[in-house]
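So that you can tell them apart, the chains are marked A, B, C, D, E, F, G and H in the order they are listed, and the count of residues begins at 1 in each.
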Amino acid sequence: MNKASLLELLAAVQSGAIDPTAATKRLANLPFEDLGHARIDHHRTLRSGLPEVIYAQGKSPEQTTEIFARMAASGTDVLATRVDAPTAAMVLASSPAAIHHTKARAITLRQSAATEPAGHIAILSAGTSDQPVAEEAAVTAELFNARVTRLYDVGVAGLHRLLAVRDQLTSADVIIVCAGMEGALPSVVGGLVGVPVIAVPTSVGYGASFDGATALLGMLNSCSPNVTVVNIDNGFGAAYTAVLIARASARRS
Amino acid sequence: MNKASLLELLAAVQSGAIDPTAATKRLANLPFEDLGHARIDHHRTLRSGLPEVIYAQGKSPEQTTEIFARMAASGTDVLATRVDAPTAAMVLASSPAAIHHTKARAITLRQSAATEPAGHIAILSAGTSDQPVAEEAAVTAELFNARVTRLYDVGVAGLHRLLAVRDQLTSADVIIVCAGMEGALPSVVGGLVGVPVIAVPTSVGYGASFDGATALLGMLNSCSPNVTVVNIDNGFGAAYTAVLIARASARRS
Amino acid sequence: MNKASLLELLAAVQSGAIDPTAATKRLANLPFEDLGHARIDHHRTLRSGLPEVIYAQGKSPEQTTEIFARMAASGTDVLATRVDAPTAAMVLASSPAAIHHTKARAITLRQSAATEPAGHIAILSAGTSDQPVAEEAAVTAELFNARVTRLYDVGVAGLHRLLAVRDQLTSADVIIVCAGMEGALPSVVGGLVGVPVIAVPTSVGYGASFDGATALLGMLNSCSPNVTVVNIDNGFGAAYTAVLIARASARRS
Amino acid sequence: MNKASLLELLAAVQSGAIDPTAATKRLANLPFEDLGHARIDHHRTLRSGLPEVIYAQGKSPEQTTEIFARMAASGTDVLATRVDAPTAAMVLASSPAAIHHTKARAITLRQSAATEPAGHIAILSAGTSDQPVAEEAAVTAELFNARVTRLYDVGVAGLHRLLAVRDQLTSADVIIVCAGMEGALPSVVGGLVGVPVIAVPTSVGYGASFDGATALLGMLNSCSPNVTVVNIDNGFGAAYTAVLIARASARRS
Amino acid sequence: MNKASLLELLAAVQSGAIDPTAATKRLANLPFEDLGHARIDHHRTLRSGLPEVIYAQGKSPEQTTEIFARMAASGTDVLATRVDAPTAAMVLASSPAAIHHTKARAITLRQSAATEPAGHIAILSAGTSDQPVAEEAAVTAELFNARVTRLYDVGVAGLHRLLAVRDQLTSADVIIVCAGMEGALPSVVGGLVGVPVIAVPTSVGYGASFDGATALLGMLNSCSPNVTVVNIDNGFGAAYTAVLIARASARRS
Amino acid sequence: MNKASLLELLAAVQSGAIDPTAATKRLANLPFEDLGHARIDHHRTLRSGLPEVIYAQGKSPEQTTEIFARMAASGTDVLATRVDAPTAAMVLASSPAAIHHTKARAITLRQSAATEPAGHIAILSAGTSDQPVAEEAAVTAELFNARVTRLYDVGVAGLHRLLAVRDQLTSADVIIVCAGMEGALPSVVGGLVGVPVIAVPTSVGYGASFDGATALLGMLNSCSPNVTVVNIDNGFGAAYTAVLIARASARRS
Amino acid sequence: MNKASLLELLAAVQSGAIDPTAATKRLANLPFEDLGHARIDHHRTLRSGLPEVIYAQGKSPEQTTEIFARMAASGTDVLATRVDAPTAAMVLASSPAAIHHTKARAITLRQSAATEPAGHIAILSAGTSDQPVAEEAAVTAELFNARVTRLYDVGVAGLHRLLAVRDQLTSADVIIVCAGMEGALPSVVGGLVGVPVIAVPTSVGYGASFDGATALLGMLNSCSPNVTVVNIDNGFGAAYTAVLIARASARRS
Amino acid sequence: MNKASLLELLAAVQSGAIDPTAATKRLANLPFEDLGHARIDHHRTLRSGLPEVIYAQGKSPEQTTEIFARMAASGTDVLATRVDAPTAAMVLASSPAAIHHTKARAITLRQSAATEPAGHIAILSAGTSDQPVAEEAAVTAELFNARVTRLYDVGVAGLHRLLAVRDQLTSADVIIVCAGMEGALPSVVGGLVGVPVIAVPTSVGYGASFDGATALLGMLNSCSPNVTVVNIDNGFGAAYTAVLIARASARRS
C-alpha cells in the first residue's frame, strides 16, 4: 500500500463505501511496512542525500552491471565499490559515461548537477600500500560532493612528513586516516586536531598484522578521544560517515 | 623557547647583536616543540572547546583528587570518569561543588556559564545493563553542552520499543548506541536515520560474548554505512566525538 | 495510537470532520510502532504462551525483587534466572509463594492452573559439574509445562552409562545436552535419536577449555545434523526453544 | 549378528543343539554392535525419515558419483551438498534424473511419491550474498517434503523490508535465518515470532567478519531466547533440524 | 540384565518356557548396556588396574569427602586431585589414613599391597613455579606403583642443569615434562632420549603466556616426534598415560 | 674431538708428552659437543631404532630427492612425508625401489630385513576425509615394524560402527585416533580401552572448525585420562610415539 | 666433576695409575655438564656482569626472602622483581640494607663499588599508568650501572610533549618505551632516533586492549625497523637487554 | 622552508627589510616540519648510516624498479626486500650492478667503499626451512657492513648441533635466531651467551603453528632475559637492529 492507495481507502471511508471499523481492520493489518519502506527510504534519502551503493564483491559481473544500469537509468549518481577488472569492463561497456577509478577499485557515474562542496575532508594514508583504501574513501567522498584533500604516505615513523601537512589537517571538517601494520597514525592525528577522526585499519602488513586485525585493535584503543573506527579496508564506510559530518560542518557559517 | 624569547632573538638579529647565520643555527636547534606545545594545545582547545578529562581508573584516590582540584582551580569545567566510590568521596570532599553521577561512575564540575545547547544527541541502550556506559556518555555530552535524549532498553528483540521512539531518533544530530551481547542495535538504528551513529559495544553478556568482543565485532561489521565504533564500554569517547559532530550540525541554520 | 484512536480518526473521516488527505498525512506519520508494539506483543504471547523472564545477573537484588513482584501481581507464572543468594532471599521475602531452585540458581512462581504436559524433554549432562546449567534448563522447561526427564552424568568416556538410558532418549520429543570440556556428548546423542538435539556448552573445565569456548566450538562442528547450539551456560535459552518444539510434537497425535 | 542369526541361535538352544551356558557366552561376546547397528540405523530412519546425505566437499567427483548412484539404486531420495561443477557434471551423467541446483551447490534426486508438505519453513537471508547458504537450506527442506517460503535480502539495515514480510514469518512453523557480517537478523526475527529460529551464520563479509566468526558469535549471543545456531554456512544442518521441527508442528491439527 | 539373568533366560528357552521368537525380542531390546557397562568396566579395570579418580575442583567439600569415603570403603586405592584446603581437612577427618600432598593439591589413600614398581617415570619441571603440576603427576604415578624420579628446575635457559641429569633421563621408560612460559623444554628433552615424552603445559607465566596457551601451542609444534601433549596443568592425565606406558616397558625383560 | 682423538690426548698425558694441567685446559675447552653429538645420536638410534625422516613440505623436489638418495645409500629404511606429486616422481626416478603411498602422501624404502611385528597399533579415523592423516600414521608405523589395524569411518555420530570394532580396539597395544570437526572420537575410544590413545586432530571441516583448531581443543579437553594429543594433521608424529609404546608392550610376554 | 677432580684424573693417567682407555671411558661418560655448568655460568657472568635475578611472583615471601638473603651473603648486587608488600616487608627485615622501590615493585641491594655509568638509557612511558613497568626497567638498569633518563607521560596523542624531549632521546645509547592501549609510541620514537628501541607493551587499558595484547601486536608491527619487543609488562627484560647494548656503546670512545 | 630560506629571512631581519614581530609571526607559523624533516632525516642518517630500504611486497615491479633506480642514482647502497622473481628481473635489467639474492628474496647494490666490518653478528636458523628469513637478515647485515656468521639447522631437538657451534656463538656481538614451529631456539641460545639475542619467529610449520604465531608467542615468553623479538619473518628488522648493536660493540676496543 502506497500513499495513493491509502488515499483511495480514506476516500472510500469518506464516501461511506467502507465503514470505519472495516477500514481500521485493514489499516491494522496493512502492510504498513511498505508504506514505511517508502517513508524510511525517502526520509533517509532526503536527509542524507546519499544514494544506495553497489558492493560488487561477491556479485557476478552481470549482476553488478544490471544493478548499475538500473540505477543509472533512474538519473541519480551511482557508485560501485570493490569492482574487479572484468566487472569494470562490463559496467563501462553498459554505462559509457561512468568512470573507473582503478586504484580505488570503484566506478562512479555523476548525473547530478555540480554543487558547492559540502564540507572538507582530509584523507591520510600511512603508507603507499594503504592507497587503495584511501582512494576508495576519496572517490566516495568526492562523488558525494565533499572537497577532499589527499595526504598520503605520512606514517608515524617519519613524523616530519605528518607535521609538514599540519595546516591542511587543521583546516578539514573531518579527517579519515587509513593505516595498516600497527595502525598508530589516527592517534597522532587525533591529538593534532579538534575535529572527528575516522580511522580505517587496512589489511596492509604481514605476520602479526593478522590481515589488519592489529591495526584495528590499535585504533580502537586510541588514546585520542576524537577517534572512531570502521571495519578493515572499509574506505567507503569511512567516507559515508565523513560526508555526513562534513556537510553539517559546512553549513554552519 | 616561547614567542617572547623568539622575539628577543629576532630583535638581537635586527640590532646586529647576533648575525643571521648564528641565529639560523639556533633556530634550527630550537626546542620548537615547546612553541608547538603551546600552539597545538591552544589550537586544540580553541577548536574543540572540550577540556582534558581525568580517566580515574588506575589512579589512586589521592591522585585523582589532586588533579581534579588543580583543574577546578583553573576555572574550567572538569570531568572525571571511571570513578569508584572511595575516589568519589575524596573528590567531593575536596571539591564540594562537584556532582557525582553514580550510575555513570563520573564526577562533573560545571564552572562555565550556561550556553545554548550545542546540538542534539540521542543516546540509546539495548538493555538496562548497558546503562552505566550510556550514562557515561550522557553525562559527558551534557557537560559539553549538548542536548541529550536518553532512550534506554530499546533492544532489537522487541522491535516495537525501538520503532516507538523513531521520531526522537530522527530529530537527533548524531546518535550514540550502547549495546552488549550480539551488538545488533546500531545496524538497525543506522538504517532508520540519516545521521552518524556511534556504536559503543558494552561488556554486558556472558559466555561467548567474551566481555564485549562479540558486540564489538558485530558493530564493526555493520551493514549500515553510517556506523563507526569505539572501544568496549567507552561511553566517554563516543560522547566526545558526538559532541564534535553535534556542534557542527547545531550551527548550520 | 492504538486501535481506539485509529477508529476515532477514521470516524472523523467518515463524518467529514477531517478530509482524506489530512488523514493520509497523519496516518503516514502515525506512531504505528505503538500499534505494532501491542500487536507484536500479543501475537508473541498468544503463540508462545511463554512469559517474559527476569535475567537477574547484573541487576541489583532490589531491581529483581521489584520486577518479580510486579510480574507476580499480574497473575502470570514468573521465572528469574541467574539468581544469587542475597537476591533469592529478598525475592522470597517479597513473594513467599515462589520457589528457589538452588542448584538451578532460579526462582519460579507458578500461578497458572495445572495442564497436561506439553511434550517430553530429555535433559542430559555429561558430568556432575554441568548440573547447574542442566537444572536451569529443567526448571525452565517444567515451569513451561513440559515433562522433563533428567539424565545426568552420562559423559562419553563411559559410553555404557549413555547406552543404558537410550530408551529414555528415544522417547523424548526433543533433547537438551549440557556438556563442558570437549563437548562431545551432543554428537553421540544426536546419532542415537531422530529428534532435534539442543546443545548447551558449559564453562566446566580448565586450561584449554577456555571457559566453555572449546565445548561450544565442538558442538558447532557436530557431525550429527540434528544438533543446534546455544550460548555457553545458556540452559534457559535451550529450554525455551525446546519447549516450543516439544509442544508442537505433543499435539501431533 | 542380525535378528535372523539371533533367532537361529535361540532355536538351537531350544532344540538342545547348544546349551544355555555356551549360548550365554556367545551372546555376551556377540558383536551386538552389528545388531545395534541395524537397530540404530532403522530406528533412526524410521523416526526421522531423512536419508543419509552426501557431503561432497573433500570427495573426488568419482567418489561422489559412485555413492550417489549406489544410493539412487536403492530407490530412496538422494541429496548431495557442496557439489562443485565437475562433480555435478559427472553425477548428472550417471544419474540423469537428478537435478543440479546451481545456487545451492546441491544435487537432488526425488524417487519417493509426492506427499503432503510436512510443515512450513520460512528461510530468510540478510543479503543477496547469503543466498547460496539459504538455497542449500531450501533445497534440503524441499527434498525432505517441507513447504518452503524464501524471503531473501531482508537485512536489518532496511527494516521495512523485513516488516513487509511479517505475515509470512508468523505463519511458519520454524524459521531459518542466514546472515553474514554482524549476523543481527536472527535476533530481530526471533523477537517478531513465537516459533523456533535456527540461525545460520554465513562467511559473507570482509575484514573483521573473520569468515563468518563474527556472525556466529553474534547469533550465539542473541537476546531472543528462541534462537539456536549451527555452524558457519551450514544451510543443510539448519534445514535438517528445521524439518524435524516442522513435521511435528504440521501434525498437530 | 547381567550374566545370571541372561543364563536364566536361555534356560527358559531350553526348557520351552519361552519360545525363541519372544526371547529374540527380549534380547533385541535388552538393556545390553548394563551388561556392557559391567563388561567395559571390568575390562577397563582389569587392563589398566587404575582406579577412578576424584576431580575435586567444582565439587563441594562434602561431595568430595563422601565420594572419597565410599571409594575407601571398597578397599581400593583412592586419589583425589585439585583439592583445596577446606576439602582436604574434611577428607582427612573422614579418612584419617589418607595423605594430603600439599604441593600436589592431592590426597591419596593406599590400601593395596606393596608391589614391584611398574616402570620408571622421570618427571621434569622447567621452573620452580611448575612444581605443583609436576607434583600432581608424581603423586599420581607413585600411587599407581610407578618409580618416579623428580628432576625440577631444569629449564632451557640454563642448559647445563638439564645436561647434568641426562643419565637419569635416559634410564626412564617414559618422561613427563612440565613447563610454562615458552614451553621449550619438551622439545629439548625429546631430542635427548628415545622414549615417549608427555608434555604438560603449565599456566605459569604472565602477559603473552595467556595462562599456558603459549606453552601448549609450543609443545604441540615440537620438532621432536616423540612428544605428545595434554591439557594445561593436567599433571594427573600425563601421569595416567605415563603409567600405562611405563608398565608395558617394565614387563619387557 | 671424537673418541680417537681423546684417546690420543690421554696417551700423550700418559707418555708425558703433555702435562695434566695443559690437558685439563684442553679438555675444559674441548668441543665436547662433538663428542656429545656422536653419543646422543648413537644413543638415540640405538634406543629408538627409528631413522631420521624427511619432512618434504617446504623442500624442493631436488632437495628431497637428494636427501632421500643419500639416506638410501646408507642402507637404512627411509621415510619421506608430505610429498607432493612432482617430488614423488623425482624421488621414485632416483630410488626405483621406493614405494609411493599416494593417500598417505608418503614415500618409503624398506632395506632392513623383515622382523617380528613390534607391537600392535590400531589406527582409527572418524570420517573418510581424515584418511590421508590416518594413512600417514599407518605407513609410518608399518615401516617401523608395527602391526597396524586400520579402522576407518567410525565416527561418533554412528556409534554402532565404533562398537562393532571394539574387539579390535581392545587387542591393540596403543591406539591412534584421527578426527576433524568436533574431534570427539578419542574421548569415546579412550573410555572403551585401557591403553594409551594418541589423538590426531585433522584439518577436516569448515567454518568454525578453524582448520582443525576445534578438533585440537576438544581432544586436549578429553575427559578420558589416557588421551594425549599431537599437532593438527600430524599422523607421522602420532605413529612415531605409538611405535615407541607398542614396542615396549610387545616385548612384555 | 670439576676442574680439581679432572686434574686428579689426568694426574692418575700421567702416573700410570689409570690407563688412557679407562680414562677415555670415564671422560666420555663424565658429567661434563657439571663442568659445563660452571663454565657456562662463569662465562655468562664474566661477559654480562649481570647477576641472576629473583622473580618473586609465584614465590612465597619466605622463599623470596631466603633466596635474597643467600644471594646477599655472596656479596653481589641483588635484584628482586614483582615483589608484593608482604614479601617486601619480610625481605627488608632480613636484609636491612636493601631498598624497596614501591612503584617499581622491586627490591635492590647494591654491594658492588660505584662505577662509571655503563651507557645511557632513556626510558619513556606513554601514560602515567605505565609507570610501574617503566620504573621496573629504570630500577633494573640503574642497579646494573646504566645512566637512566626517565621521560614519562609523553604519549602520541600530545605529540608536543614527546617532541619537547627529543634532545634527551637523541643522546641515549638505547631507548626503552613502555606503552599500553594502542602501543603507538615506540614507532614514533623509533623514527626520531638512530639507536635501538626496546618496546615494552603494558597491560594498561580496557576492553579491546585485551590486557596488553593489542599494544604487543602494535609494537611487533612497528614500521620503524629499529624496534624490538619484549613480553607484556616485562620492564626487567627490556632493561636487561638495554644494559647489554648500552655498555657496548659506552665503551666505544 | 629550508636552511637557505631561513637564512634569507634572518638576513631580511638584519637588514631591516622585515621587522622582528613580523618575522616572529612567520616563524611561528612556518612549516617548521620541513626544517624538522631535513634535520630528522640527516640526524637519522648520520647516526645510523643505514639507508632507507625498499619493501617490495605490495609494490608493482615497475614501482620497485623506479624507486631502486632513483636510489641507485644517488650513489648510496640500496636494498630491496621481499622481491619476487618478475620484480627481480626488472630491477636487474634496470640496475645491472645489483645482485639478486634468491634465497633471501632480496636485491642489493653496493656503491659505498669497503670498510672494516662493523661488528660481528651470528645468524642462526632452527631448520632448513627457516633459511629464507635467515638469509634476508644475513644479506641485510652484510650490506650494512657487519661480519656475519651463518649457523643454520641447529634446532633444539638435536642439541649437539647447537653445542658444537658454541664458540662461534660466544664470539658474536649480537645474535639473530630464526625459528618456526615451537620457537624454542632463542631461549636456549640466550642462556648460552652474554649478548643480546634478537628472535625472529618464522611462518614455518603447520597446523597449530598458526603461520608463526606460536613461535612468536614462545619467543615473547622466553625465560632468557636477553631475548627481544620482532615480527614473524622479519629478518630485515632483526638485522637492522643487530647492526646498530654490533657497531657499538665493534668500536669498544
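What we mean here is this: a contact is a pair of C-beta atoms (placed from the backbone, for glycine too) under 8 Å apart; a residue touches a chain by one contact, two chains touch by 3 or more.
Treat the numbers as computed from the prediction; the structure is a model and nothing was measured.
Between chain C and chain E, two chains of identical sequence, the interface residue sets overlap only in part, with shared numbers making up under half of the total. Across the assembly, the mean Cα position most removed from that of chain D is the one of G. Separating the CA-averaged centres of chain E and chain F is a span of 24 Å.
Rounded to whole angstrom, the centroid-to-centroid distance between chain A and chain G, based on C-alpha atoms, equals 50 Å.
In whole angstrom, the spacing between the mean C-alpha positions of chain D and chain E is 40. Centre-to-centre spacing of chain A and chain F amounts to 55 Å, using the average Cα coordinate of each chain. Among the residues of chain C, those in touch with two or more other chains are 32, 36, 40, 158-159, 191-192, 207-209, 213, 216, 220-221, 231. Under the contact rule defined at the top, the touching pairs of chains are A-B, A-C, A-D, A-G, A-H, B-C, B-D, B-G, B-H, C-D, C-E, C-F, D-E, D-F, E-F, E-G, E-H, F-G, F-H, G-H.
Listing the residues of chain E that touch chain G in their complex gives 128-129, 158-167, 204, 206-209.
On the side of chain C, the complex with chain A involves touching residues 3, 6-7, 10-11, 13-14, 16, 19-21, 23-24, 27-28, 32, 35-36, 39. On the chain G side of its complex with chain A, the touching residues are 126-127, 155-159, 181-184, 187-188, 190-192, 205, 207-210, 213-215, 217-224. Chain E meets chain C in the complex at residues 31-34, 36-37, 40-41, 57-59, 201, 203, 211-213, 216, 231-234. For chain E in complex with chain F, the touching residues are 40, 43-44, 46-48, 50, 53, 170, 173, 191-196, 198, 216, 220-221, 225-231, 236-238, 240-241, 244-245, 248-249, 251-253.
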